[in-house]
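Note that subunit A is present in both complexes that follow, paired respectively with subunit B and with subunit C.
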Partner chain A sequence: MDVWNWDFALSILPALLDGLLITLLATVLGSLLAFTLGLVFALLLRAPLGPVRVLVRGFVEFVRSTPLLVQIFFLFYVLPDYGVVLNAITVGVLGLGLHYATYTAEVYRAGIDAVPRGQWEAATALSLPRYRVWTGVVLPQAVPRVLPALGNYVISMFKETPLLIGIGVFDLVGQAREVGGIEFRYVEAYTLAGLFFLLLSYPSALLLRRLERRVGVL
Partner chain B sequence: MSSELSQPTGEATRDWMIVFEGVEKRFGDHVVLSELDFAVRPGEHVTLIGPSGSGKTTILRLLMTLEKVNAGTIHVGGECLSHVRRNDQLVPADEKHCRRVRKKIGMVFQQFNLFPNMTVRGNLIEAPTRVLGLSKAEANARAEELLEMVGLGEKIDAHPTQLSGGQQQRVAIARALAMRPDVLLLDEVTSALDPELVAGVLKLLHDIGETTDITILCVTHEMGFARDFSHRVMMFDGGRVIEDAAPEELFTEPRQQRTRDFLRAVLERH
Partner chain C sequence: MLPDNLGTFLSVLWEGVPETVIATVGGIALTIVASFVAGLALLSPSRTVRVISRIYVEGLRGTSEVVQLFWLFFALPILVGFQIVPLWGGIIVLGLNHGAYGAEIVRGSVQSVPRAQYEGAIALSLSPAARMRRVILPQAIVEMIPPFNNLFIQLLKSSSLLSFVFVNEVTRQGQAVLVPLFTAQSFTILLLVLLIYLVLALIITAVMRLLERMASTRLGRRPSEQARRKRVTGAV
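Presenting the complex of A and B:
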């Protein structure tokens, strides 16, 4: 038996591409959730009310200090006990989004802190309402600066989606295991899966590096 | 110090644009201002001079509510800025109250502080539309008129980063005026400019002083400007007003030794 069989590799390609689609879907939706929720966390961490800050800080630290897989299992197996039944991919997106939101929150915080004090003072001197200080002055300056950092977390998340196999999501790696199992030929399946990851991660990383240089000029 | 000018009380606050009474400001243990009383008439131009750390800028920042007083009260246009009356007691003003009263006040900063994410136009129409409720068209008309006045009519769609320091400061002045303030605070507005750009900005401020009836409080090290521009000059030292007089008097025959020393030091440097 050859180590590498081209015919077999070609035959499993459609299934792998199906899996890749799921991986991309989970990454895109998970990222959107992480970007939104992370911003909410970052703002709540600056809330005037002390208890709100403590609560959010506690939650963020807790999520960061526990494994993503445990969180996904928790959402998948424990929530149904409380009547919340979600399908696997939804749980996957929630888990990824929530987990990475605790990291993006920190990224946003750094971006917000980097906005000079004078900008806040000018906004105050013009009596701008609070929401407008954020949406018109602070965030438009903070967010572009942190886009590369946010992008790096998207790549990280992309590479962690295979954890979703644990709750039965057929992502790229899930499909590879599946089609490999048919004839116990794993070399082609896992090699191709790895290649797909490489083909997407590496150019993205290069793109981000270029973005980083451009943002650096700002 | 002319005590008649400096200590209005009670009903008299209405005849004054700005009234400080017993104001104290500390940063930690460091007392920046103590027992400060002074008042400014509507339309008056008052320049605050004194060594750095003497509390001049803090006065402007208190008026802009960028800092809060530790004791005493501040009135602007007959309204208390620092405190509100609640259940017959004076309590420190909340954010809502501050925002309402400070609409009467505009400020120009040493570092310009234009919003870099907006065009010049955006900088000028932002607050008039969002705070005063002007329509886009009204705010635009006002912006264009003000930019003409500061000599930057053609820069309306430029970004602040494309402008020189002097041009940025002119835009910042126009931005403050777009709010039609009763009081304008100028915080060392030429200190960050290249020397050749200073004269233009000072000329502009001079024109604004001549053509409007805005009450202006100005912190500057430009003594020539202070002399031409102000109706009154207050010399600060150690958080107190040590001399308060018309410029021709204060600059030619200062009464306090401390003022004489300060003026000599400043003149030698320039």
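Presenting the complex of A and C:
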């Protein structure tokens, strides 16, 4: 048996592309959740109420310090006990989004801290209502500067979506395992899967580095 | 309500702790070696050395860790004709993957040492090796410790991937051994698994803080404010 068979490699491409689609879907939805939830965490970490800050800080640190894979298992096995029955991909998106929200919360926090004090003072002097201070003054300055950092987390998440095979999602790696297992030809399947990851993540990383240089690193 | 099976859960999970710890400590050791070799190579005057190191760094950062693990376990045996012991293979993947991230930490920290320190070392006619070992690295290492702390915690978390290749570490003991037997108590089992990782992460952080203190005392300074901030905002 030759080590690399081009015909076989070509024949498994459609299945791998199907898997890639699932991987991208999970990444996009997970990122949207992480961006939203992360902002909520970041705002709660500045809540005027002390106990809220402590609780959120504790939760964020806990989620950051423990493995995403176990958190996904946790959601997958425990949610049904409380009557929440979701399909595997939804659980995966929830897990990815929640885990990465704890990272993006720190990114937003850094961005908000970088808004000069004078901006806050000016907003107070103009007696803008609280929510206008956030939506009109602080966030429009904070968010663009953190976009590259958020983008880097999207790339990290993309590379971590294969964890979802643990709960039976057929992502890129899941498909590779499936088609590789039929004839026990894993070399082509996993090499191609790796190449797909590299071809998508490396150019994105280069683009982000360029963007980083333009907006300045925090 | 305290579950009756708490003792059983803890003893089964406890059996997985040595594997998790061996994988993490072994992975960290390999990460440190790979980070320094590749990180210093990125700063080499030789273009060839820099390019080789760059390919290693981008290649391992660009492909998913799960893919690397599966490649080592399912593709490589077809190529070379033998299979690596899962735990060892796990250490190799964890170490080489995180070493690629660590290389950038080493490169960045060495570059962040003020230029005047190089010039001073040259003026004292220290050899390039002595310059690096006696002047640059002691200062760079203080800067490296907080980001390495984050990296090692990432590595600890990644060690849970070894459950995919049948290493009986904590995650596998919980998810593949206990959950099928006590499905109704998944909540307790998986919460315990998470807590075990939390404790291990706290141990890593405590050790790294101690090292940082030692490294900066050796230089005659306290941990810098900048380093402390980096720890808080630290990224993957």
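In the analysis below, the second predicted complex is superposed on the first by the 216 of 218 C-alpha atoms of A that agree within 3 Å, B and C clash if a C-alpha of one lies under 4 Å from a C-alpha of the other, contacts with A are read in each partner's own complex, and residues count from 1 in each chain.
Going forward, contacts are C-beta pairs under 8 Å (C-beta built on N, C-alpha and C of every residue); 3 or more make two chains touch, one makes a residue touch a chain.
Keep in mind that what you see is a predicted model, and the values were worked out from it rather than measured.
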TODO: Examine A:Gln141 and indicate which partner it touches, taking first as subunit B and second as subunit C; both and neither are also allowed.
DONE: first
Open item on the list: Comparing subunit B against subunit C, which has contacts with more of the residues in subunit A?
Closed with: C
Open item on the list: In the overlaid three-chain picture, which partner chain does A:Gln119 touch, first (subunit B) or second (subunit C), both, or neither?
Closed with: first
TODO: For A:Arg213, select first, second, both or neither according to whether it touches subunit B, subunit C, the two together, or no partner.
DONE: neither
Open item on the list: Just checking: does A:Pro129 make contact with subunit B only, subunit C only, both, or neither of them? Give me first, second, both or neither.
Closed with: first
Task: Touched partner set for A:Gly166, first subunit B, second subunit C, both or neither - done: second
Task: Set of subunit A residues, in rising order, touched by both subunit B and subunit C - done: none
- [ ] Spell out the part of subunit C that touches subunit A in their complex, as residue ranges.
- [x] 58-59, 61-68, 70-71, 74-75, 78-79, 153, 156-161, 163-164, 171, 174-175, 179, 183-184, 186-187, 190-191, 193-194, 197-198, 201-202, 232-233, 235-236
- [ ] Note which residues of subunit A are touching subunit B in the complex, please.
- [x] 116, 118-119, 121-130, 132, 136-137, 140-141
TODO: Within their complex, state which residues of subunit A touch subunit C.
DONE: 3, 62, 65-71, 73-74, 77-78, 81, 103, 106-107, 109-110, 149, 152-153, 156, 159-163, 165-166, 173, 176-177, 180, 184-187, 189-191, 193-195, 197-198, 201-202, 205, 218
- [ ] Quick one: which bits of subunit B touch subunit A in the complex? Just the residue numbers, please.
- [x] 64-66, 95, 99, 102-103, 105-107, 109, 111, 113-118, 126-127, 130-131, 175-176, 179
